[in-house]
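Multiple structures follow.
Next, two complexes with subunit A in common: one pairs it with subunit B, the other with subunit C.
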Partner chain A sequence: MSIDLKLDKAGDTVTLEVTGNIDMSSSTKVRDALAPLFQNNNKVIVVDLSGVSYIDSSGIATLVEGLQWSHNSKNKFRLAALTPGVKDVFEIARLLSVFEVFDTKEQALAE
Partner chain B sequence: MSQPIKLSIPSDPKYLGLIRKVLQELLDSHDVPEDTARRLILCVDEACANVIKHSYEGSCDEPIEATFTIEGDDFKVQIRDYGKQCDIGQIKPRSLGDVKPGGLGTHFMNEIMDEVSYCTNRAKGTLLTMIKKLRTGLTSTQDKR
Partner chain C sequence: MIQIKNLKKSFGEGDQRITVLEDFNAHMEKGQITSIIGGSGSGKSTVLKHLIGAYRPDSGEIWIDGEEVSQFKGEEINRIRKKFGIMFQSGALFNSLTVEDNVALPMREHTDLNEGTILIMVKMKLEMVGLRGAEHLKPAQLSGGMIKRIALARAIALDPKIVFYDEPSAGLDPISIGVIDKLIMDLSKKMGITSVVVTHEIPSAMRISDKIIMLFKGKIIAEGTPEEIRNSNDPKVIQFIEGSPDGPIPFSKSQTDYGEELKEMSRA
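Moving on to the complex of A and B:
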């Protein structure tokens, strides 16, 4: 399953909507899409994971990198709409509390 | 299931999806619960990714052989590669308190599986064996803590 990435910018917020599986073959594409967002004037960066049913350690690593970039750039970095499979992987990695996680994209953008 | 299911893929990340699909079908056919299957698939995917990264150092046309066996309550998977042998003593998960990219794959395997062992007692490569009891402590990592 190939991965589909869609950017949606509204004012100083931007949403990266990911559809597909994030694994070793696709996590680089997510990273390449994510990295430039921290160099622009985006106050809030949301990754919408509602279309992702599978994520592996390389995908988690990419999102951890995003978190580190947000700390350096002072952007807010948020994850939204984790599917049960993705949430489970975050829980096994004990990283769920490290991120700002929202049930929906709308909630992530509204806060 | 008396006969194991064997699958060989090239060491190209694009084939990891194939091995996940085959394993999903196999676990479905044995009525393994969805959340358990998801975790077993994660372990196999991570093991193969480690082979590509570490044993074959990114080379995409080397063999990765996976053998799946379900016997009684035991799910067993063996991953065989013919690449660089790692120092088994050096294979350990990173500290989870240290939030940084990378190093999680080994943690997933150790956390989810009941047994994880590496054998390098061969001319080339490594044989990784992972075993999981299918009827106990499958869905909660709490059970293993």
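Moving on to the complex of A and C:
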């Protein structure tokens, strides 16, 4: 299954909207889209996961990298709209609590 | 998830031909733990070797995730192997590599993932087996139980749908066996992994399995839930479960009369 990535920039916030499965074959694309966002003056970076029904450990690891980059660059890094299947994988990996997670993209951008 | 139909396998030629598996049928369901138990030489490891593509059957079919794989070769075998992880009896870790490099190996070999992503994944896998912090140790610095846990972390490196376990608790102390049992159950239930465990550790198989298949001389002699196996009236099943040296399963592997065989030797 192919993955679709869409960037939506508004002021000093940016949203990466992901549609498709984030797995071993597509994680690199997500990483390549995510990495440059931390080098710009984006105060808040949101990954909208509402279109992702499956994520594997490479996908989670890619998002952890985003967390590491935000830690170094002081940008805020947030996840929004996790589907139940994706939330399960985060919980199994015991990594849900290390991220700032919001129910909707709008909430993630508003805070 | 896995279906084996009428699997037959024999080794040797002519008079020396030994049938190792005879009409083996099994169905391993998604997210469940199926244990294949039996004594040495019962054929249980032969089943596993067919499942991982190391042996080809004389006849019969092996279906994995909707594909008949028994005649697969080369690239096709490699493709299907990405769907499963294998935890080998010995651990099969590379002694010259650190724990981190051992677990990262399948990721580096089979994916185009960035090194930073891989190192985070390794940490996640080690956390799952309770050995985060052991990244920089070498296998020689690990206990037997730790080696098995690292081998398990490597088996799940690529998030397989299926994990095959070859004697996961052989040679371990009771507490380490309990730890491995719990990990197999956790991975199966939480991640929906289909598990096939080849073992002769009866208490372990009873604890972890949804289904047990018992083999004797290449034939299934019992199949069912641990409870059903425990309540079996078959003398062979009872003997194996109780570990009794006397019973229908003979101590001697030989089928010929001892005295006759000794007499035959003098004529040769």
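Everything that follows uses one rule, which is that the second predicted complex is superposed on the first by the 111 of 111 C-alpha atoms of A that agree within 3 Å, B and C clash if a C-alpha of one lies under 4 Å from a C-alpha of the other, contacts with A are read in each partner's own complex, and residues count from 1 in each chain.
As a convention for this text, a contact is a pair of C-beta atoms (placed from the backbone, for glycine too) under 8 Å apart; a residue touches a chain by one contact, two chains touch by 3 or more.
Not measured: the values here are computed from a predicted model.
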Side-by-side fit of subunit B and subunit C on subunit A, or clash: clash
Subunit C versus subunit B, contacts on subunit A by residue: B
Contacts of A:21 with subunit B and subunit C, given as first, second, both or neither: first
Which superposed partner A:60 touches (first subunit B, second subunit C, both, neither): both
Touching partner for A:111 - first (subunit B), second (subunit C), both, neither: neither
Which superposed partner A:92 touches (first subunit B, second subunit C, both, neither): both
First, second, both or neither for A:103, with subunit B first and subunit C second: neither
Partner chain in contact with A:8 - subunit B first, subunit C second, else both or neither: neither
Part of subunit C, among the options 73-81, 199-207 or 235-243, whose backbone runs into subunit B after overlay: 73-81
Shared subunit A surface residues [contacts with subunit B and with subunit C]: 23-25, 56-58, 60-62, 64-65, 68, 92-95
Complex contact set, residues of subunit A against subunit C: 23-25, 27-28, 31, 56-58, 60-62, 64-65, 68, 92-95
In the complex, subunit B residues that touch subunit A: 13-14, 16-17, 20, 35, 38-39, 41-42, 45-46, 49, 52-53, 96, 99-105, 107-108, 111-112, 141
Complex interface listing, subunit C residues touching subunit A: 107, 110-114, 116-118, 120-121, 124-125, 127-128, 158-159, 190-191
Residue ranges of subunit A in contact with subunit B within the complex: 1, 21, 23-25, 54, 56-58, 60-62, 64-65, 67-68, 84-85, 88-89, 91-95, 98
